[in-house]
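Below: one structure in structure tokens.
For clarity, chains are labelled A, B, C and D in written order, and residue numbers in each chain start from 1.
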Amino acid sequence: MLPWRRLALPAQHARSFSCTARHREIRHISELPPRTIPSYIQSPANTLLSLQWPSPPRNILVTKKKRTPNITESVVEFTSHIRSTYPSINIVFEPETAQELHRQLPFPVYTYKKAGQLSDRTDLVCTLGGDGTLLRASSLFSHADSVPPVLSFAMGTIGFLGEFKFREYKRAFREVYMSGAPDTYSTLSDSLGATPPTPATSPDDPLDRPLSYADIRGKAMGSNRTARILLRNRLKVGVFGPDGKRIGSVEGAADTYALNEVTLHRGSSPHLKIIDVYINNRFLTEAVADGMIISSPTGSTAYSLSSGGSIVHPLVPSICLTPICPRSLSFRPLVLPAETPITLRLGKKNRGREVEVSIDGNTITEKLGTGMEVRIGGEVVKRDARGWEGGVPSIVRGTSGKEDIAEDHWVGGLNALLKFNYPFGDQES
Amino acid sequence: MLPWRRLALPAQHARSFSCTARHREIRHISELPPRTIPSYIQSPANTLLSLQWPSPPRNILVTKKKRTPNITESVVEFTSHIRSTYPSINIVFEPETAQELHRQLPFPVYTYKKAGQLSDRTDLVCTLGGDGTLLRASSLFSHADSVPPVLSFAMGTIGFLGEFKFREYKRAFREVYMSGAPDTYSTLSDSLGATPPTPATSPDDPLDRPLSYADIRGKAMGSNRTARILLRNRLKVGVFGPDGKRIGSVEGAADTYALNEVTLHRGSSPHLKIIDVYINNRFLTEAVADGMIISSPTGSTAYSLSSGGSIVHPLVPSICLTPICPRSLSFRPLVLPAETPITLRLGKKNRGREVEVSIDGNTITEKLGTGMEVRIGGEVVKRDARGWEGGVPSIVRGTSGKEDIAEDHWVGGLNALLKFNYPFGDQES
Amino acid sequence: MLPWRRLALPAQHARSFSCTARHREIRHISELPPRTIPSYIQSPANTLLSLQWPSPPRNILVTKKKRTPNITESVVEFTSHIRSTYPSINIVFEPETAQELHRQLPFPVYTYKKAGQLSDRTDLVCTLGGDGTLLRASSLFSHADSVPPVLSFAMGTIGFLGEFKFREYKRAFREVYMSGAPDTYSTLSDSLGATPPTPATSPDDPLDRPLSYADIRGKAMGSNRTARILLRNRLKVGVFGPDGKRIGSVEGAADTYALNEVTLHRGSSPHLKIIDVYINNRFLTEAVADGMIISSPTGSTAYSLSSGGSIVHPLVPSICLTPICPRSLSFRPLVLPAETPITLRLGKKNRGREVEVSIDGNTITEKLGTGMEVRIGGEVVKRDARGWEGGVPSIVRGTSGKEDIAEDHWVGGLNALLKFNYPFGDQES
Amino acid sequence: MLPWRRLALPAQHARSFSCTARHREIRHISELPPRTIPSYIQSPANTLLSLQWPSPPRNILVTKKKRTPNITESVVEFTSHIRSTYPSINIVFEPETAQELHRQLPFPVYTYKKAGQLSDRTDLVCTLGGDGTLLRASSLFSHADSVPPVLSFAMGTIGFLGEFKFREYKRAFREVYMSGAPDTYSTLSDSLGATPPTPATSPDDPLDRPLSYADIRGKAMGSNRTARILLRNRLKVGVFGPDGKRIGSVEGAADTYALNEVTLHRGSSPHLKIIDVYINNRFLTEAVADGMIISSPTGSTAYSLSSGGSIVHPLVPSICLTPICPRSLSFRPLVLPAETPITLRLGKKNRGREVEVSIDGNTITEKLGTGMEVRIGGEVVKRDARGWEGGVPSIVRGTSGKEDIAEDHWVGGLNALLKFNYPFGDQES
């Protein structure tokens, strides 16, 4: 069994689609081969998981911060590099980006009409921007149970989720691409470095190429040098009317996933909102406040932090409940088990229909009024016989070769970004 | 296999020990049969576990708050009731209590010389007092990996850990005692109510009696009516000198378990302490503060709460790191995964040997100085093939017959004891 | 000189206005005699001031919470009592209330078209409702340097500003009305209790009546029994466009006074706002936050408290600067001297015109954008040769006869309303 | 009237004291001329006061951080400079410092036996060290109503009170020394620069020298260039036994002044303390806590800040009441008027005599027990006919020539020292 040599989908399928002007065109994502799903391997010495591809990833979704010219340039540089270095890779863009960039790129790009089409065709997500960009990328999978790994580059903006600097992109991508590749093939690839890896008859359509790490130029990373994965658990959110019917859902009846938090807020309404909080279907308290934040551990360093919540490590299976400006001296933030069902209900004491519900910073429903409910459940990230399930697999800065020192990405973020426990004193003197 | 009918230890063993004045005497715990270890059963509908005895518990350790006359009276009432209702039970006291009470009680009491002898002979712990009493009872098992279930009665004092009111003691104890008993035997017991359950030849030594639920008078609770168990994970604590050697350990080389928290504090020293904090063996931050609290989720409502920490549900597998009066505006409390190793080291900047280490409110080491370390690891509560392991099995107020409503004990505690989110307003008007 | 016997304005002025159907009519406030301005006397033993009328107050503005039927009934009861007990008093309503109530009342009511007309004709303000009602009453004088004393009744709603319960209204009003009246006249009034105080020829128009405490039935309060005044200092607020021109002002070029606070808030905008804060015309910090609260000490128990601010006693001459959900771990609330000029400027980093400015809970300007400024100055309450100046003279619960125990109104509010330092524990057990 | 030319005390007084080995000797402070008391002038454009000497200051107390060799060197450099540049100045040291340094210095030094002797002979205090050094210097006047101006140099240690860097000492001292000197004399001094300012017959005893600014070499500062004074109000503290008698007072029956704060703390006692808090002689609340901090506005950035208190500007006439680790969710810090009398009483619920009272970080009384009281009153800083009274006149970094920009010292301290509102983000990227 040699999964690493598995061939790509038959070339004729793709060929029949467009025969001329193959460059610079936009194709539909359905033409791509189905998704390659990686495994996540746990090692006793590390709380992070190791990414392991059964075969090299081919379909890469690249998202970017909007309306920022220098980031657009970086996307061109990044995707051009990937296409030239890893010829079997296909680039997927969001529709707007595909429209904006396809003429500048010497290869076809793929896109979709509905975000729901992405989850079956995306092997890997790369984001260039800030935390907002990553949250938006995550939202493209907000109705999917299984999210591809996400490699995020911070583009000069402040962020806790953007792990890598853009100047590291070649090495970072290579580490992800090669993650889990067997040493033998890597070595082979290496020794073959002199011979041209690309067969002459095969032009630039990745779908025509055999899929193998043997194609890859350059030195292998070694089997120990895997990309590190942090499975960030999300929140499942549903909004329901007084009649118990689901409302505010973009795509049908399903819950929406949030990576950072769900927020109820008064918005422009001057009045305090009265929100009944239930946990485990049991009344907990009546919050009189500007709003309420239900956050994942990942979101504990976002809005919840601004509102007074503790900092919760992303590997603590938990949900944070943090009030926004409560009219009480004694509403201390709560940290609950990840699987706790939480219901926020707008009781009869509220005047008007003036509450907004936001997911990861985007308002999904306005004008919520009496009797309406937001029901939240934590996504449970667990390992069963088939491997790990759930969560957003985020590629984080590993600690290669130093197995005893794990998770510097989080400690580093606390100190460098949040200025955690920043010491008093006049550095100058 | 009918474990419920298993006989008690051979009577001759006990008889040879003391032949006269059997009442009012103090015996050594080693005379007792070995510990009966219960199972904890998980049900899909409830986050709490069900207590299940393989055979009725026999060795009951009863601890009480010291120097409080009315609680002493309650202990006499409680143990007298237990002995008369459940004749096969033996009462174990702490040495001081045994000395104080054995003359007032019409049955022998057991005690020990070293707390380490308790864990092999104690089936169940009952505490009468406040949280301090329960913490002290827990400390008797602070070097034991396996702690017996704990049934705690709050005696008029404020407490988050004392689940039951003393006036409930008959029913509460019965529920614990019968928990998991098969219905058939209960029914049998019930139908046999008319016949005297105690054989005439057997006087009052429980060790002479056959061990069976059939002896128990009164109505059975039914197999659904089990006691609810919350496995509270503890912290493992070791203190080490600058030479890396363990210090401050009461009983040899082992770590000490803490149920609530480990605290480093300046004590009477006027100077701020400088504590280097490492997590996962990686430097996190230099705390300049009055002290530092490392707490379990159970302890999150104790000292950590006073010091600004969030409230963490006891089922969140986590450790809380909360500074005490830090000289920084930005030292937000942290919640870390339960298995995170944490080291607190006193760096060279500290003057003198002036730091105290306390476990659950008791100072275990004073005069800690430069180079000394406190190493803390969370106890991992997990289920493997042999059942649940780790934690202090705390019996909490269940929700019999209402399987869909779990964990009211915690919500109740928040609202009734902590006055969580207490609303503004003049109730009177 | 006997100011207490000073006559009312010549009767012919009022008579010429309306000759028939004098009841149930709405008159214009300009018909009323000019305002009677009281003095506030400081005593060494009390931090509160004593109210002293030069002559009995005549023009009473009564405001009420809107759309609350039982409060409307109370207004009818209250004003009817005042008119029958103190015949020389005239009742002024807000236009909406005048329209709503004038048919139910057996006496003429006065009203105005522009709130600016009030300050010259109002001797005393009585509010029936909650804090919102008092804030609204205060806003009627938000462009006036001198505010009449305010007597506020809490109508079953929670409030920190409503001092008196409605059931106390007869006694409370009498204490205010008589405050500072010389004993001799009080005694005289008392001895004349048997004779009808109202001359037969004078019907029910207060403007026809001589103004004297001698008319008042019932026992005098004694000269020591004065109403207690707390001068609550306000904030002066101006909003300015990028061109430096004043905007958002309702009535011309003047600053607006706030009793509680001025708030900048993102409203429905999802983006954090970037607010440059200047104090004393010097750059202090760049706040990245949901918003910013500048509050008076009176307002320190309102929005600022919900947002994490300290509780500041209303007699501390200060301004509080409290951020709303700041994206920083180290933005501790500030307390500044009352006279500190503060400028909040929306810098160029803000996207869009999406900031709202609110005064005492009412949005005065939306859509503030880049370059706009809110300039705030504390109102300085000071005593000069002419007496006390500035502030809203709030009548608070005094401590008659116990001169050594001052300010119970504030301590009482902390404990009864805010549940300050509410103790842990199960009261029931 | 030319006070600036007033002569020194008759020389014979000093001469009779020691006739040989005049250098390197320690003299008693009582030999010095009486204190020169400056005026503090308020200007409309500045919230800080201007220092104005009636005649040049002569008696300078110099204090330093102990056991820090490089600071000792700086003291030698500093005092040598002062003596050579301003020959009429006498240097006063604390006894320990006098003993340590007098052999290294080419001039006599003065000292005292009891700190109470200082207040009549000290014109100016200079401190070299950190905040602790300044607090200790302040404590030398902790029983004096009138404190000399304090010029403090931060010696590489973190501090909010140390205004100047040591490298600025020449200019900073000159600005203080010349503050308020008339321009004419300055000019004169300047033009006389060529002629030797020191008469030949007068050796190096300052007491023999005429006192005049004319002696001073170098350019004058100009009359606008005055030193800026911030009058920091202190707290008056008394400790009383259950019998109402004063205890714990070092020097007789008087109250002690605190510059930063008074603290009650459990010290090494593991038990929470129960402290009844009275304000204005009225019961406010029962604090159950590790301790309680009563701080001045100056102290609001010290222990109170670490314990969660707001930052209060030193010109807000107030007292801060901040609990240390209270067992309550709702004990928000309070800011009270400066003149509020506060009593902290240890009620009967406390076990043992285990509370410590500290003033500005120094424990003054241990083992406080049931019935004992700490009574605190704010020092009222006020201006009457004779000028400003009360407070510690702290020389702060002024804003010469920019009268419209005041108080940069405080804003600067917030940002540079406390890292107030330190922004998120990776500065490096």
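What we mean here is this: contacts are C-beta pairs under 8 Å (C-beta built on N, C-alpha and C of every residue); 3 or more make two chains touch, one makes a residue touch a chain.
Fair warning: this is a prediction, and the values are worked out from it, not measured in the lab.
Novice: Going by average Cα coordinates, which chain is farthest removed from chain B?
Specialist: With centres defined by C-alpha atoms, farthest from chain B sits C.
Novice: Between B-D and C-D, name the chain pair that shares the greater number of C-beta pairs in contact.
Specialist: When C-D is set beside B-D, the one with more contacts is C-D.
Novice: What's the call on chain B versus chain C, same or different interface residues, using the half cut on shared numbers?
Specialist: same
Novice: Which whole number of Å gives the spacing of the CA centres of chain B and chain C?
Specialist: Between these chains, centre-to-centre, one finds 57 Å.
Novice: Mind checking the centre-to-centre distance between chain B and chain D? Centres are C-alpha means, answer in whole Å.
Specialist: Here the centre of chain D sits 53 Å away from the centre of chain B.
Novice: As a quick test, compute the distance in whole Å between the mean CA positions of chain C and chain D.
Specialist: One centre to the other, that is 42 Å.
Novice: Among the residues of chain A, which are close enough to touch at least two other chains?
Specialist: Within chain A, residues 305, 326-332, 418-420, 422-424 contact more than one other chain.
Novice: Any idea which chain C residues touch chain B in the complex?
Specialist: 154, 156, 158, 165, 328-332, 416-419, 422-426, 428-429
Novice: For a test of understanding, state which residues of chain D touch chain C in their complex under the given definition.
Specialist: 47, 279-288, 297, 300, 305, 309-313, 315-318, 320, 323, 326-340, 404-408, 411, 414-415, 418-424
Novice: In their shared complex, at which residues does chain C touch chain A?
Specialist: For chain C paired with chain A, touching residues are 267-268, 270, 289-290, 303, 305-308, 324-330, 356, 358, 361-363, 366, 418-420, 422.
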